[in-house]
Amino acid sequence: MTLDAKIPAGPIAEKWSKHKFNLKLVNPANKRKYDIIVVGTGLAGASAAASLAELGYNVKAFCFQDSPRRAHSIAAQGGINAAKNYRNDGDSIYRLFYDTVKGGDYRSREGNVYRLAEVSVNIIDQCVAQGVPFAREYGGLLDNRSFGGAQVSRTFYARGQTGQQLLLGAYSALNRQIEAGKVKMYTRSEMLDLVMVDGKAQGIVTRNLENGKIETHSGHAVLLCTGGYGNVFYLSTNAMGCNVTAAWRAHKRGAFFGNPCYTQIHPTCIPVTGDHQSKLTLMSESLRNDGRVWAPKTVELAQKLRKGELKAADLKEEDRDYFLERKYPAFGNLVPRDVASRNGKEMVDEGRGVGTTGIAVFLDFADAIKRLGEDAVRAKYGNLFDMYYQITDENPYKVPMRIYPAVHYTMGGLWVDYNLMTTIPGLYALGECNFSDHGANRLGASALMQGLADGYFVIPYTVGDYLAKLGPKPVDTNHPAFEQTKKEVEERINKLLALKGTKTVDEIHRQLGHIMWEYCGMARNEEGLKKAKGMIQELRADFWKNAIVLGENEEFNMSLEKAGRVADFLELGELMVDDALMRKESCGGHFRIESQTDEGEAKRDDENFAFVAAWEYKGDNQPEELHKEELVFEEVHLTQRSYK
Amino acid sequence: MSEFKETFNSSLGKKLIMALTGLFLCTFLIVHLGGNLLLFKNDDGYAFNVYANFLTHFPPIEVIAYILYLCILVHTLYAIILTVKNRKARPVGYAVTASDNASWNSKNMGLLGSILFLFIVIHMNDFWYNYKYTDKVGFKEYRTDLSSGITQSADFMPASAKFENSVSTENNTEIVRVKDLHARVQHSFGNLIYVIFYVIAMVAVAFHLKHGFQSAFRTLGWVHRKYTPIVEFIGTWFFAIIMPIGFALMPIVYYFTRS
Amino acid sequence: MSANNLNLTLKVWRQKNAQTAGKFVTYKAENISPDMSFLEMLDVVNESLVHKGEDPIHFDHDCREGICGMCSLYINGHPHGPKRAITTCQLHMRSFHDGQTITIEPWRASPFPVIKDLAVDRSAFDRIQQAGGYVSVNTGGVPDANEIPIPKVIADEAFNSATCIGCGACVAACKNASAMLFVSAKVTQLGMLPQGQPERYRRVQSMVAQMDAEGFGNCTNTGACEAECPKEIKMTNISRMNNDYFSAKLFRSEELHEQSQGEG
């Protein structure tokens, strides 16, 4: 099978408009004859479900949380990019496009990224019309701030709660359609499999988490908006419930998985305190606008700080190493996430880490407070400072924050074409669930942009094309494929419930996380990855032999939910390692120790690796087959990324 | 009409009724206190009895009085309806409840209100029902020498059972004959248990209004950065402190100065 | 483990499902680090339960950073525990002392039936939002974002109301199990912004009607909701809602109540 990304021909700025014209339309009276399944109600899912229902399609939306408003998009703090150029500082659609391709270390599709930049401006208009309270200036117009990886101020924000406000906007649009009867909402429902009829995605099997009922749902198209798989690392900034199950089940039914090894490590998270830690908390990247990142100049000073013999404030200016400012004078503390993370880790590896564990560097606001005053700093970052204080019991107005990188976002995901369709006809992937727009590294404030772009402005056009060609013939859940898939789901659940071993699912998950972080985390090499592959295989066998899964299916059963998700992570983990092994170059968030410049920066190999890796599932315990989608760059000239 | 019915059947509508009747009762208390201050006049109840007579015989006031009684009943009735509904909203209670997230009185308006209702029943029986519908309250005659302004009082036995009041002037002397509620007050306030109950009720009024007065404004939606502090000031200082003290002083003073 | 670790007694409400009666069960939580969050402490207890083959304590949780609104728990008489302006997942064990007994109960309100143990069904909140908590605009065809200037003070005020996370702590805290803080936060957010004006009076009526239909109690302005709200949403919102509601019901002459349901 050859991968066809279906990127329209022609000049980059006209691709999307031309494509939209060429897409087939479903006539308004026929739209109500189509059912569309949307799984997940984050920014991508809620915006897609609402927009499609507004057009007249019947939408069935699913989320595993108790309300669509809880999806983890809600936790995004910093902001959303849009090429509005309200600041008159030289921004444009082309510049946003260019920054995003460059930020992604030239591993994304030009066509997709340009479209993303193009619709970014509509997103802001849409959200404001919904009543999203973006930050404003005294004149009443919208405020902007700058964000990592860009030299213009194009980030719109709503205090430190941009994700929350955008999601509540999409949630309100979704609510309007639920009230209108165009969306049927299924909460506390987890998709456990995809139903294929005649080679097309035509339904899903779900488990009602409240009572364990296994249900089948049919639709003419299925949209997966189920987010990323960062929780494969056990500790990440993702919510506890975030999982890969829906995407992984689809993968096993034939959807290729794109670039699974591309994970983003966010540089500014609150460091781990102990084994009990269940998740990591991110501190918005926007903090790097005013905070200065530093570590002590020498190992001796760092040791004294760790033992508490010295306080951060005791260190003189010449004893501090503002390493980002030193190494990257042009971007300073605002270098992209992967660069900032790697440098932080380097400091810790050198023994210059701080905090009792020694696994942290400082993010210092003393200068900003001196320059702007404490009140101004509070107005900008108050809630983030409060959050930090609450978690660490240290007052960041008085002492510098301690930060360390943590897994935050997965650029990889289901492979999709320009229409956001996976390799399974009728199955779409939107938002973080797909691999499409961020290449090997995502810029700050671009995840919200992509989720909403896909849901509000891309899928309403592209899904129509598929449906128009498919025709409105009803999809019947009586088709044997539904019964068969349901049976398979039930068998798997029974297999899980039969596990009465000695290790809790969390213990196994934590072990998997250690392996992934150690060998497939911020820096990877061949030896470690090969070792990790074996360890994951062993751990997977261990899981299916020694895990404890309690209770029964017909009840609210946390134990069973978790087990099913971890079982899938144990398979995905191995594929990530395979992908990382295969990709011998360094690019963006994927740093192969073997491939670096003399200065220790990621070194790409454009000759051999300028492609998207799309993996095809070949059966249990079979190696997956690699398919390559060559990346063609017509607009952007490939260079070694430099933020100096 | 159905729209009004719907409005007042809604949770907010019921609260509106509570607020409006409550505020009306508050304004009445001001008038009541003003009248009662006449008790402190050392005139053997002349001014007070004339005032009581005026209240019961001036038709517009009588209309307002009946609105007042209605307000008391509606306020009580809706309090019961709301309490029942609120209880239904939490059929299983908590094992542990915190006390530091809201003031005690705001959480116990029902208890305070019940004390007040009981008080009002006894109070009205004493000073209103007996005054109006029984002959337990006698008459007094006040003779004022119009040239000197000196008033003398004496008990008065009307000839007819239907006698209510009279004002006449004879020989440059004004003769006012009215029911002697003042005597009834003296009698009641001479009873220690009654006085204690009265004072307790005034404490209940204080706590009830400390919350109730400003709460009514909140319910009505009249919250304003500039005016709400004024409302809270009045609610606290006038309705919860000055006024209950004013009312409570009467039985106390009468009890300790009784002859 | 450090010497500062805590040993605690937990009294936890256990209830198999909505149909069966529940009861308190006592557990020991031993060697708890003060750096743990409250939910991490429960994770530790649950791990030990699973090892013993006992059903773990079920509770709702997701983001664990205080924004999704999924976690609940009524801890020693306080929704989200004794500290102000945080959610349970942000509550750290350093807020407790060694040897303390902690009583953990689910939110109690008839519109929030218990699903299992400490998890309750809060879908009533969604239905209230569905009744009108939105601005009716379709995707596309909206004006440029900067064509609607909004004074900063208004935008900030609206924002304060918009920070509601829909956790239900207001209902749990209120002695009347009233949902008015939750409802009024959305009514106020949209009622203050120019985008929300066209539907301002229709919205307040339908949301209040749905709130009443769900069986929540009535507000008596005790202020417990404001004191316990993890996002510090003010009671002023309730007054604003009342004002809008009475305006709509008693003073606006146009027909505001019936809403026509168009085809998507």
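So that you can tell them apart, the chains are marked A, B and C in the order they are listed, and the count of residues begins at 1 in each.
Following the convention adopted for this analysis, contacts are C-beta pairs under 8 Å (C-beta built on N, C-alpha and C of every residue); 3 or more make two chains touch, one makes a residue touch a chain.
The structure presented is a predicted model; accordingly, all values stated were derived computationally and were not measured.
Looking at B-C and A-C side by side, the one with more C-beta contacts is A-C. Once CA atoms are averaged chain by chain and compared with the all-protein CA average, the nearest chain turns out to be C. The centroid of the Cα atoms in chain A and the matching centroid in chain B are 67 Å apart.
Taking the mean of the C-alpha atoms as each chain's centre, chain B and chain C sit 41 Å apart.
A straight line joining the Cα centres of chain A and chain C is 27 Å long. Across the complex, chain B meets chain C through its residues 3, 6-7, 10-16, 82, 85-86, 88-99, 101-103, 106-107, 109, 211, 214-215, 218-223. Residues 32, 47, 50-51, 53-57, 65-72, 74-75, 84, 86, 122, 124-131, 133-142, 158-159, 161, 163-165, 168, 171-173, 175-182, 185, 187, 210, 237, 239-241, 273-274, 276-279, 281-282, 386-387, 390-391, 393, 456-457, 460, 502, 504, 506-507, 548, 550-551, 555-556, 558-559 of chain A touch chain C in their complex. Partner chain A is touched in their complex by these residues of chain C: 16-17, 33, 35-37, 39-40, 43-44, 47, 50-51, 53-56, 58, 60-70, 85-86, 90, 92, 94, 115-116, 119, 121-123, 125-126, 129-140, 142-146, 148-152, 155, 158-159, 162-163, 165-166, 189-190, 193, 195-196, 261-264. By the touch criterion given at the top, residues 11, 24, 74, 76-78, 82, 103, 105, 108-111, 173, 175-178, 180, 208-209, 211-212, 215-224, 227-228, 235-236, 238-246, 249-250, 257 of chain C touch chain B in their complex.
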